[in-house]
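This is the structure I have questions about; it appears just below.
Should a chain be cited, it is by its letter among A, B and C, assigned in written order, with residues numbered from 1 in that chain.
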Amino acid sequence: MKHVGIIGLTLAAAFSAGAANAEELTGTLKNIKETGAITIGYRDASIPFSYLDDSQKPIGFAMDICYRIVDAVKAELKLDKLEVKLNPVTSSTRIPLLANGTIDLECGSTTNNADRQKQISFTNTHFLTASRYVSKKSSKINSIDDLKGKSVVSTGGTTNIKQLVEANAARNLGINVITAKDHPEAFLMVETDRAVAYVMDDILLASFVAGSKDPDAYVISTDAFSTPEPYGIMLRKDDPAFKKVVDGATAALYTSGEGQKLYDKWFTQKIPPKGLNLNTPIGAELKHEFAKPSDSPDPASYKAM
Amino acid sequence: MFANFDFDVIRRSLAYLFLDGMTFTLMLTGLAGLGGLVFGTLIALMRLSRFRLMGHIAGLYVDLIRSLPLVLVIFWFYFLVPYVGQWLTGASRPIHVGAFASSLVTFVMFEAAYFSEIMRAGIQSISKGQPAAAQALGLTYSQTMRYVVLPQAFRNMLPVLLTQTIVLFQDTSLVYVVSIPDFLGAASKVAQRDGRLVEMYLFAAVVYFAISSFASFGVRRLQSRIAIVR
Amino acid sequence: MNYHWNWRIFWEPAPDGTGTYLDMLLSGLLVTIEVAICAWIIALAFGSVVGVLRTLPSKTASGIGFAYVEFFRNMPLLVQLFLWFFVLPELLPSAWGLWMKQLHNAPFYTAAIGIGLFMSARVAEQLRAGIGSLPRGQKLAATALGLTTAQTYRYVLLPIAFRIIMPPLTSEFLNTVKNTSVAITISLIELTGAARSMQEFSFQVFEAFTAATLLYLMINVVVVIAMRLIERGLAIPGYISGK
């Protein structure tokens, strides 16, 4: 007898869920259904998250996650065909292009923080990384204070350049901050001795060093400009229906163990195009986050078990 | 000095540079040139029309665009066009605009201001007798413009228009600032990926120089041939 | 429109500790003006020499002038800046190259020299047109009076020619100001670069670019008015460009 109530409630819930599906689609989902296409923003050199391989096709850890999200959207909208359009973005164009509708998802190496959440939303975190710098061993830069008075480069539009500029002002280092248009240009500046150090997320620095002509000439600092911060795939703000689908897809991916498999594929095995192996096994914090996916911008909330 | 030159990187990337980069540049130059000319002629006609308000609006547009650096205009349109598209088509959200479409709109709007000044000078250089005679023959305003004034103005200003097109060809390289893959952008990508800045930038310089020189030489020949001796 | 307007952003502090975002834009404006003036001085100096060369009777001088102008006019400014900034230090002996690359204000000097030389070709062409528009009698009369070529140019031809070409030179100076924005690609933080940085840090795209637009318009107005005053001051009464 007491179960009737529960059954009744369940049936009511099921019916109303069905009724919700019959409601109007809004926002991004509506646009995708109408145009039959979804546009993904990719990076051209954020190894191994989103970068171009030898045939100029974007591949990477974040790209694989995004394709899973596309599958989930396709299933949710019950489409036979969903065209995936690809649009290149840079650190400084990713947020405006997401806001103005050019892309629907940004799949790369974007740091999730509270400031950015005023403009756009993030889905569940797919990586944690701290801001460090790379320099040539011969420059003998052993700490952030050694950068005093020197030329340091970072990429425009990143949290790293903001942290560099703030640290420069706070600690009175008199650093000449150079803004590069994108990551390869910035790393090239260190390679050609135009800048003495390049500030960027340590995983990206590791990939640049590994892929450079002379990896042993460089050293990534132990000093960091920040604690490990989360990366997230970006989507537009104020679009709860779309966010629900994306969050659901990423959560399913991470908790099922497939997330771990994808991680291993890109971080512990050889990756195209040059067969680099980044040799970075999954950290305890990220493993914990995969078990309990979160889109929190607060670095302190990502703890190991 | 040239000991470490690696010409091979140029040879390997030739296909990418020309099939992707140069095609983009040339298509953008051609289409933006045509679009700018049509739109510019319209603006010139607006400036010279009897309706003072139209003239003022057109004049304001030309003065505004000509005061701004092309780089700033490129940034404006790159971020603004989807919003404008949304407003124009009444869509529920900003519409998707690709890189080529965005650059095309930018350059058409920008070059129209410059082409309009050239066409305005051309139209004003036609003697007043021409439109007067056309009116006496009973032609309407648009017929006068279409059959009498504009063909002559266009012919007179052809060398200047072509020179401006060559300038447009060089200006397309500025889409570099929003990472759009034109010829220079393609050369830059290869340069940064392979660490071969010197070879690629020198090659790009030589190509631009060759094309522009050849084109200006052509314009000079044309100028001497169609010069109307009065 | 899915965009969060925030016009108060100009009074919020910029992350680089130099003050508000407005201060950031104004310091960019200052850099624009400095680079434009330095480039213009270089352009006038080299352009005058080449312009004169092109009008000399000697075939070699005229040929050198022609080659110079063609070289700088047939390459986009962006490509020229890249050559100066990226290619030249690599081609020089490594000690000099390293010094060039590690100069603290390398983008500033490179931009000033690169833009200056680019504009010098245009100044040369204007001067050539200006000298060419003078009546032939001037030069003949000067020779009849016993002046050497150098004296002819210095006392007879150039003073009038420069006054004639002042209006086109004004627009060339404004072009110089606009061309400083190309230096954003070699990491010079001038006005457009400052607006871009502001957009990157604060995400307020349209506010930043509107401010930059207004500042460029202001520069235009100021320069046009100033040049008109200079023109009036230098005019020779009774002559074609005078009253």
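Note that contacts are C-beta pairs under 8 Å (C-beta built on N, C-alpha and C of every residue); 3 or more make two chains touch, one makes a residue touch a chain.
Because the structure is predicted, anything quoted here is derived from the model rather than measured.
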Worksheet item: By label order, what chains touch chain B and chain C together?
Response: A
Response to the item:
Chains joined by the largest number of C-beta pairs are B-C
Practice prompt. Using mean Cα positions, find the chain sitting nearest the overall protein centre.
Written response: B
Worksheet item: Cα centroid separation between chain B and chain C, in whole Å?
Response: 22
Response to the item:
Between chain A and chain C, the Cα-mean centres are separated in Å by 42
Discussion item. Report the inter-centroid distance (CA atoms only) between chain A and chain B in whole Å.
Written reply: 38
Worksheet item: What positions in chain A touch 2 or more of the other chains?
Response: 96, 99-101, 181, 192
Response to the item:
Listed in rising order, chain C residues that touch 2 or more other chains are 2-3, 90, 185, 196, 205
Worksheet item: Which parts of chain B, given as residue numbers and ranges, touch two or more other chains?
Response: 79-80, 83, 86, 93-94, 177, 197
Worksheet item: Which residues, counting only chain C, touch chain B once they are in their complex?
Response: 1-3, 70-71, 73-80, 82-83, 86-87, 90-92, 174, 177-182, 184-185, 192, 195-196, 205-206, 209, 212-213, 216-217, 220
Fill in: chain C residues within the chain A interface of the complex
2-4, 15-18, 89-90, 98, 101-102, 104, 106, 185, 187, 189, 193, 196-197, 199-201, 203, 205
Discussion item. Help me check something: in the complex, which residues belonging to chain A touch chain C?
Written reply: 91-92, 95-96, 99-101, 116, 118-119, 151, 156-157, 161-162, 165-166, 168-170, 176-181, 192-194, 236, 238
Item to complete: Show which residues of chain B lie in contact with chain A when the two form their complex.
Response: 16, 78-80, 82-83, 86, 92-99, 177-179, 189, 192-193, 195, 197
Worksheet entry | chain B-touching residues of chain A, taken from the complex the two chains share | 27-28, 30-31, 35, 39, 44-45, 56, 85, 87-88, 90, 93, 96-97, 99-103, 181-182, 184-185, 188, 191-192, 213
